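By written order: A, B, C and D. Residues from 1 in each chain.
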């Protein structure tokens, strides 16, 4: 189920040079799984902007977004007290209904945020959670401590080696010899593809696509899977490893 | 001379059901004559909206506008402290360089505002000022007392007779037997035309036209006069009685 | 009491508001937002003989006052629509629906129309000869009067339901094409489909849309759509369904004054899922403000 | 150091930013806002053989993300331009100007171009075969390849300066028309002129524009303009001046990546008189952010 609502900005602050965290107050009853996203209407932009839900509770939503263009730039200029028009409860999200015992969460850049609420959920289900967070460089790292504070085992990789393991998330997984029986991943396409090729375990991967509506009406975001055509916004953004066609 | 500037709203309040008065703080040095206008940029509207200057001093401008569509409706929702992007000093304005001794000012509806600063100027030049203000009905009357407070002799006409003289401004002029040797007029086209036909005296009339730019660049607002083509925004909005072609 | 009803070739609609093809799926996605029986009708996603995935992604781009799409007619094919979508639709939509049909050959158009003609849920057939997002034919049918007339004739020969031909705005002379369709027996004209447009991702130095170009629609195109509705409504005797950039009840009224008998709402549904509902609800109030008692009175009312 | 210079048929411009014809008069009105020598050049108001008042008013309408104009080529006539406007312009503009010429017959185009050819202030002639606001011919020259070619040949026969033909977007096949002009000897193509559009004043139940329809331009039309620039730049060997909806330095860069050698700014000048100046000033910063050293390197750089 998805709905449209008006949300009030509670906080809006930078985590790094380009990445911001915004919390919003409003109806969260339509959010049913970690990895779902919201779709945000912005003044002067025609299309809404999809952003993953980083975390949520009964009354508020946390989003983490990177300023990459006009829309996200505009978000970064908004102040607490201002309101945003959001569609919430979009997408399938990650499913934890599987018998994995030692899940690994792999996030790259702004693919990290949706893993946060997922980690919370897995921990609540009594599973130990290992997290690998990949960034380009030390100054871009965010949420390392937040995952640790939840009780996760966290490894960080940076492409330039300025923090944690030097290289990609796959380097970190190999170098640390991480032991896991299932993975959940979100990040840029090359990262997802490398991870898919590098590990044997099963898992779920969250994808991005340019969206028209975000709720399944326009067919703008379709992809081909082994089980037929799927809409990233509706039957996605999370696909299981076995169904993916690269 | 005309310029673009950012102006801060000082006050914005209704005078009647549909007519509002807004005062703005900012640079007024480009305003050189009563009857000039400003051109206002509004969010979500492509073209600026032209509004006559009702009054101004060294630091502030007063505008009176009627809510007739989306742009003026938006203006009415703005609050003190918000800012507007204005072009100021537009148009020729009324000229008081003539040897009229007993000028008559005739305004209809939102044609009334530009006469206010004109009245001030004429009074400062030591001339007695008579004013006829025409409206549809009593509830639409505004600025009667303001003109009186300046020291003008004021007559009001309403089409339905609910206040002052019943009928048009021309009825009021005839019925009161007003004695004047020159007139200045601003109001709807039918009023200007009726006045033109009804009185023998010379005068100046201020016209409206849909505008593209407001500063003479687009040729959107041209009209034909006995002395050639004129742009309402540049060689107008004020034309002299002798040059008008109806 | 204001009367918002209109009639299209004998099909009576409670109001003229019709979500446009491609922006309303087969109705299902909007159920979670509102009861879609409030609508006049809606036009379902452009359907072809075979199932299609459409074009490669990205196939959506932002344009400030509109959007570009290059979906390329993704649909499950006419048989799946008849087998799955229409029965499901029946469970939550009580009104006749508009069937939007596309094709890559005259035969394909006729095939699909013949099949859909037998569905009693379908009140009207809309034949899209104007999709800019398909390679083999597609738009070319809508940019040439003879080809548009040929499709019209082929479709009319196999259907009993009213047939509206949906035209492309990417033409020099929209009136010539509309007239050709009228002469070939079309019961109505729907316009406009999308304008051919393009955007470039200047950081990556490549088109935003994988297919380079796509169909531009949304608020930005309203003045072009209105102009074409006006031109065609004056030149033809058959009714016109207006479409293109409609966002508000006032836009609906403006389109009808230009000559539209019903008005479609496209991209607006995507960015505000309640757009069509809000328009339906705002119509009576706007009519009162403008002194309109019966909405159908204003169709083409300007000189 | 970023290099913003571009070259158009031997005419070197300090930057590609050129205010479009009809939105910059003969330069005079913008002097009060800024020193216009900062511009690459500008295209003066469409000029005809005889002086014209143009169409009846109202001839301007609001469109949300753009505007409609139906000025109808008001201008003082070619002789008054040569006698009064160009000498005045010389006092405050040191660069070659672009002369925009319109006509109602092939002879009129040739007459005007021959006269303007002798003015050394004129660096380039832009022949407008696309104005939608004039009745006798005007646009028709720009909607038919043969007519556009005929005008091109007539004009080329009497001028020594580079001739750009300015085309209408209201056509089915822009490439065919551009190619016809190229084959007829045009030195470049300028596009787009305005889209034919319309608005209705729903309170008064009549078109906003006295002439009913007019030319739609402004930010809204950018995706259509960009698409046509891309199509024509790929199909022709002669340079293209892009125009239509350009508002920011990023729009200029996007137009150039689509294939434009210079970029015109139209309606934006009317609503923000500093628009062209702000674009010129923002270009070096945007170039740096995007890693562009020499602006002319990006012309048509997308595959």
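Here is the rule we use: a residue touches a chain if its C-beta (ideal position, glycine included) is under 8 Å from a C-beta of that chain, and two chains touch if they have at least 3 such contacts.
Here's who's who by UniProt: C, D = Dihydroorotate dehydrogenase.
Only a predicted model underlies this, so the values are computations on that prediction, with no experimental measurement involved.
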{"item": "Chains touching both subunit C (Dihydroorotate dehydrogenase) and subunit D (Dihydroorotate dehydrogenase)", "value": "none"}
{"item": "Topological distance between subunit A and subunit D (Dihydroorotate dehydrogenase), in contact steps", "value": "2"}
{"item": "Whole-Å separation of chain centres (CA-atom averages), subunit A against subunit B", "value": "58"}
{"item": "Between subunit B and subunit D (Dihydroorotate dehydrogenase), centroid-to-centroid distance (C-alpha), Å", "value": "36"}
{"item": "Distance between the centres, which are taken as Cα means, of subunit C (Dihydroorotate dehydrogenase) and subunit B, whole angstrom", "value": "46"}
{"item": "Of all residues in subunit D (Dihydroorotate dehydrogenase), the ones touching two or more other chains", "value": "63-66, 219"}
{"item": "Sites on subunit B at which at least two other chains make contact", "value": "none"}
{"item": "In the complex with subunit A, residue positions of subunit C (Dihydroorotate dehydrogenase) that touch it", "value": "22-25, 28-30, 32-33, 45, 53-54, 57-67, 69, 71, 74, 208, 218-219, 267, 269-274"}
{"item": "Contact footprint of subunit D (Dihydroorotate dehydrogenase) on subunit B as seen in their complex", "value": "1-4, 41, 44-48, 71, 87, 209-213, 215-224, 229, 234"}
{"item": "Residue ranges of subunit D (Dihydroorotate dehydrogenase) in contact with subunit C (Dihydroorotate dehydrogenase) within the complex", "value": "63-66, 68, 143, 170-172, 195-200, 202-203, 205-207, 212-213, 216, 219-224, 226-227, 230, 250, 253-254, 257-258, 290, 298, 301-303"}
